[in-house]
Amino acid sequence: MPFHFANVLVFAAIAILFVLGSLVGGHFLRPHNPTAEKEMIYECGEKPIGQAWYNFNPRFYLIALVFVIFEVEIAFMYPVASVYRSFIEKGQGMLAFLEIFVFVAILAVGLAYVWAMGDLEWVKGLKQDVLKAAREAREQPRKAA
Amino acid sequence: MTESVFFWIFAVLTVLLAAQVVLRRNPVHAAVSLVGAFFFLSGIYLLLAAQLIAILQVMVYAGAVMVLFVFVIMLLNLKEEEMGHERLTAWKIIGGASIVVTTGLIAYLALGNAYPTGLLRDMARTQPGFGSVKGVGQALYIASVLPFEVTSLLLTIAVVGAVVVAKGKI
Amino acid sequence: MQGFLDNLIRHFGHDPATWPWTQFVYLGGMALFAFAVINFAAITAGIFSWAERRVAARMQSRVGPNRVGPGGFLQWVADAVKLLTKEDLVPAEADKILFRAAPYFMMVGFACVFVALPFSHRLVIADMNIGIFFIIAVTALIVVGIIMSGWSSNSKWSLFGAIRSAAQIISYEIPGGIALMIPVMLAGTLSTQGIIRAQGGLPWQWFVFDNPAAFVAFVIYFISALAEGNRTPFDLPEAESELVSGYNTEYSGMRFSYFFLVEWGNMWVMSALATTMFLGGWQIPGVSAATLDAATGGTAVALELLSLAIFVGKTLFWVFVVMWLRWTLPRIRVDQMMNMCWKYLVPMSFAAVAFVAVWMLVVHAVPALGLVMRAIMFVLGVAFTVFFVYRTAQNIRDTGDKFDFTSNW
Amino acid sequence: MSFNAADLQGVLPAIILSVGALFLLTSEVFLRNVRPAVLGHAGGIPTSPAERVEAKLPPGAQGASPSAVTPPDRRYQAWVAAAFAALGLWASLAQLGDPAIAIFNGTAASDGFARVVAAVVCGSLLLSCLVAFGYLEALRATRGEFYALALFSASGMCLLGQATDLIVIFIALEVMSLAVYCLSAYLRRGNRPAEAAFKYFVLGSFASAIFLYGAALAYGATASTRLVDIAAALRGGGSGLLWAAAALLVVGFAFKVAAVPFHMWVPDVYDGAPAPVTGFMAAAVKVAAFATLVRILLGGFGDPVAALGAHGWQRLVVWLAGLTMVVGNLLAIPQRSVKRMLAYSSIAHAGYLLVAVAAMAGPLPRQDAIGGLLFYLASYGATVIGAFGVVAIIERKLALSGAGDDLSSWAGLSERHPALAAAMSLFMVSLAGIPPTAGFMAKLTVFRAAVSAELVPLAVLGVLTSVGGLYYYLRVVVYVYMMPTTKPDAVMGERLVAAGLALIGCAVLVVWMGVQPGAFASVAQNAVAVFSR
């Protein structure tokens, strides 16, 4: 087994060397005369305004959180899934099944809950805006009249 | 021999990168250092014959938790001026000293009289499949049913809690 | 591979267990293999880039690149040379360390997958007993590379692209991971070679036809793999109409090429994984794995080459399907992409796992049912394929198009 | 795979509570589909008789204009939660007499101690649900998660009470803690709740990390996470690593039980969290944390050598107890906010409880100390839930504006609400430890145990600090009865039925435990048998 993982290490090292080698090799082939314009951030030819490092939408955070939780769930499920067959062959399949089932069922409640709470909705913010705009558009002629 | 060489390489790199996590002012740099630290840590787990833990370290921590961290960092995106000046306060010195003392103490205790008995190392050598995915799967089924099922409960609570906390005003 | 190197050492009259230089031979062998495999990945990625352009051109009644080499086959070499000689720009505003480091993360994550990915009956770098789990884990590093590249560029396009890409990849990792659990359950092992061995050479012995849930899992895995590889219809992170080029907008020259190398190389990875997990891998119809193990001499070499050809053939077919999809389907919206993952694929994959768990119990009790189900699934699959080919032929006849592989090369 | 019905029966209270929580979450899913956003004022159609009683128009709370979409009626959830808590209470009490067995391959135990802990936790949950009902309704903050999270945390607490494996302890601890973190962040009016939740979460995670480190060292030293194996390793001499592990485990739980110097989070958290949650936290979290501490110290490190030796944990606990009593009481004195005062008082009570833990160390019979601890926890739980129940009623209006409470809100309470005033005075008297209340009996048993364990200085310190504590407890009584009213509308008079029930329950318990401690002593006796040698 250590042999297998030594391979991983070697692969990582060779991959790094591959990138490094081609970059260093390319260094002798490619031109290098940077100018201020070239080094500017590309914004479709416009001058960039400010930095790009600003606050992000929290919905990404929520997705990431739900992801972490399900990733941990997968991490727990794999070991169990890999021995499921041997348990069936030992004649303890029903019990093994119940254990997996309870585990998944409890998490399924969590998923259903997040779904019902509307946190899987990607455009909920947008929807509100659209609704508001539609409402205002409806009010407008009435006010004008 | 080879094992201990690798151990020291991994250990030194882990500690260096972990120190970077604390010392770096730029949170994204800190997060990337953390990925590196997790990576080398998983190497140490491999040396301890804990394959599953090593893989989980990369998959869950270096992969999943990191993405979460980076998203949170980007969510907040502290500007340089918001972070305040770096100052060396008495608390920091006390904190650093206590870390060194505690670590040294535990390392001393660990190396003192308990570790050479090498209980875990013996287990890894004598029990076939110790630390492998199947070994852990067997353990989850047989010895650790209760923690396994309660973990599912814990994950559900985490989902619900995340929704509650991320909601606006209640 | 260890066995191969051991044999090599024995061939030179040493005992690998006692010879002091064994470890160095191992190291050298590993480095050699790693170099070969990474170059293989890079070259296939290059060839795919040419193939995709040709396929796309054919689908759009164009010609595509056909100047460099026979049929334009050497186009990718020309592209590589061009990229190598392009100026390497690092934006002045960028976070220079991370900007330079990001391609390394991408490449390491990409290269490590090949450690556990089989090619043929004997040709696998390391047949780890946690194989598939390892592959799922190291692909996570690619996300880190993407986020790093996008953030460090300090460009709005890059950042949007990176965040979108990360959100997409992590979301689809869930259904993809759960779907891959089904072959693991059926085979009772995580080793990629072990999973292939648990299947057979004939189509009804493949896991994809084992039961309906396994077929669903295959579809879920394929969709998730498309999304994880940022392939159309899930290429929103690189939506050129809104984000220029996504997370790699600010990259140029050679540095840029790594991102594309990884993207095209991923087509091989996802197709090879689909072949391994669901489609019988390198299994030769009518020849059991035991026969392969027992074969010696010339027969062994011939069978080995045959298994390699079968594996590569299956993989290339799915690579072609991926290209086909790209030029057939329009890009979906970001909310549709998220809905599809969390509201359809994740619950479906959970249900599929539950079904397979029950099904395995049923089959254990009544083994005949398993055979019946395989037969039904296979017949349905054949019927569907025949129907599909028939309809396609009909459509081609109706539109008056004709297969013409002779002109325009 | 050894796995049978007895295993499941052993964790029955935890199962009941988590099934209840999952039921509530699932009902939330269907709520959307069945009754989507009823337009109008009063919410949906009341179905159960209890709801019909409560279905009066809500008082003119701010924000909700009649045209705004009203969320679906969720009042049934409080009653469902209370029902499941009652079921859990019944389950734990029904099993009280059963013999002690190890369940789930020795990762947990089903014994008298665990059942008493589960009973106290379920009782606290039941009372807290009743207190929370009117509070959340008045603030228009009833959401499905609240009761579900409360049930989840209670199931974690029940598991903590019976876990005999460090991994199970850790997971149950996290089940409890995560749910309680979210509960304390539940109501976000103003910045204080967010701050409270944040502090609680960060420091709580820190404590969990320290505990985990201790568990890792214990595993490193013994190659097992079972407490039994740790005890066996200690009998074989133990090792330095194991001492470090013990210290880290104790420190991790010192955070959870809020012992000085790990108490920093308590005042802010108790102040910022909604009052019913604070009551639940003060009562139930304390029970679970102390139960686990006792399990670890007696189950894993119970050997007299381990407890009393040069590196023994008794010395550590004695110092913690002394510091906690002194600092908690001293810092409570200047507090103007009753919630903060109760927070510091809870620190002080943690000190008295630690006296009982310290008394368990010796080779002498531990019956008195363990029985005293359990009795103290139960009586403190009843008292503090009652006290925070009254605070919740007072706080309703304040919480809407996000302000904290102040002693001035309590002035002249006796004129406006004589019953509330009497209840609050009773709880204060009990917290101060004046006969004939439960608090007095509890302190008495604990100090008696300390004296018999030859910890006389600690007992004397306990008595002295209790006397000092009289000042700030009785100050509340003085404000309630002797100060003229300054804020005439500080009390919300609506929706007091459920809270009133809870307060009556608490008051009855407080008096009953004070007058007839013997009735509870027999229960405790059963629990004690587990740790006898």
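Should a chain be cited, it is by its letter among A, B, C and D, assigned in written order, with residues numbered from 1 in that chain.
Note that in this section a residue touches a chain if its C-beta (ideal position, glycine included) is under 8 Å from a C-beta of that chain, and two chains touch if they have at least 3 such contacts.
Just so it is clear, the structure is predicted and the values come from calculations on it, not from any experiment.
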In terms of CA centroids, furthest away from chain A sits chain D
Consider the two chain pairs A-B and B-C; indicate the one with the greater count of contacting C-beta pairs. A-B
Using Cα averages as centroids, what's the distance between chain B and chain D in whole Å? 31
Averaging C-alpha coordinates per chain, one finds the centres of chain A and chain C separated by a number of Å equal to 19
What parts of chain C, by residue number, touch at least two of the other chains? 129, 133-134, 136, 138, 151, 159, 163, 170, 189-190
Residues in chain B with touches to at least two other chains are numbered 51-52, 56, 59, 63-64, 67, 71, 74, 133-134, 141, 145, 151, 153, 156, 158, 160, 163
Pull out every residue in chain D that's touching 2 or more other chains. 1, 3, 18, 22, 25
Could you draw the chains as nodes, link the ones that touch, and say if you get a line, ring, star, complete or other? other
So which chains end up touching which? A-B, A-C, A-D, B-C, B-D
Mind pulling up the chain C residues that touch chain B in the complex? 23, 95, 97-98, 101, 129-130, 133-134, 136-138, 140-141, 143-144, 147-148, 151-152, 159, 163, 166, 170, 189-190
Residues of chain C touching chain A in the complex: 1-2, 26-27, 30-31, 33-35, 37-38, 42, 84-94, 103-104, 107-108, 110-112, 114-115, 125-129, 133-134, 136, 138, 151, 153-159, 163, 167, 170-171, 173-174, 177-178, 181, 184-190, 244, 249-250, 253-255, 258, 334-335, 338-339, 342-343, 346-347, 350, 353-354, 357-358, 360-361, 364
Chain C partner contacts - residues on chain A that touch it in the complex: 1, 3-8, 10-16, 18-20, 22-23, 25-27, 29-34, 36, 38-44, 48, 51-53, 56, 60, 63-64, 66-67, 70-71, 74, 77-78, 81-86, 88-89, 93-94, 97, 100-101, 104, 108, 111, 115, 120-123
Which part of chain A faces chain D closely enough to touch in the complex? 87, 92, 95-96, 106, 109-110, 112-113, 115-117
Chain C partner contacts - residues on chain B that touch it in the complex: 2, 26, 28-29, 32, 35, 51-52, 55-56, 58-59, 62-64, 66-67, 70-71, 74, 132-134
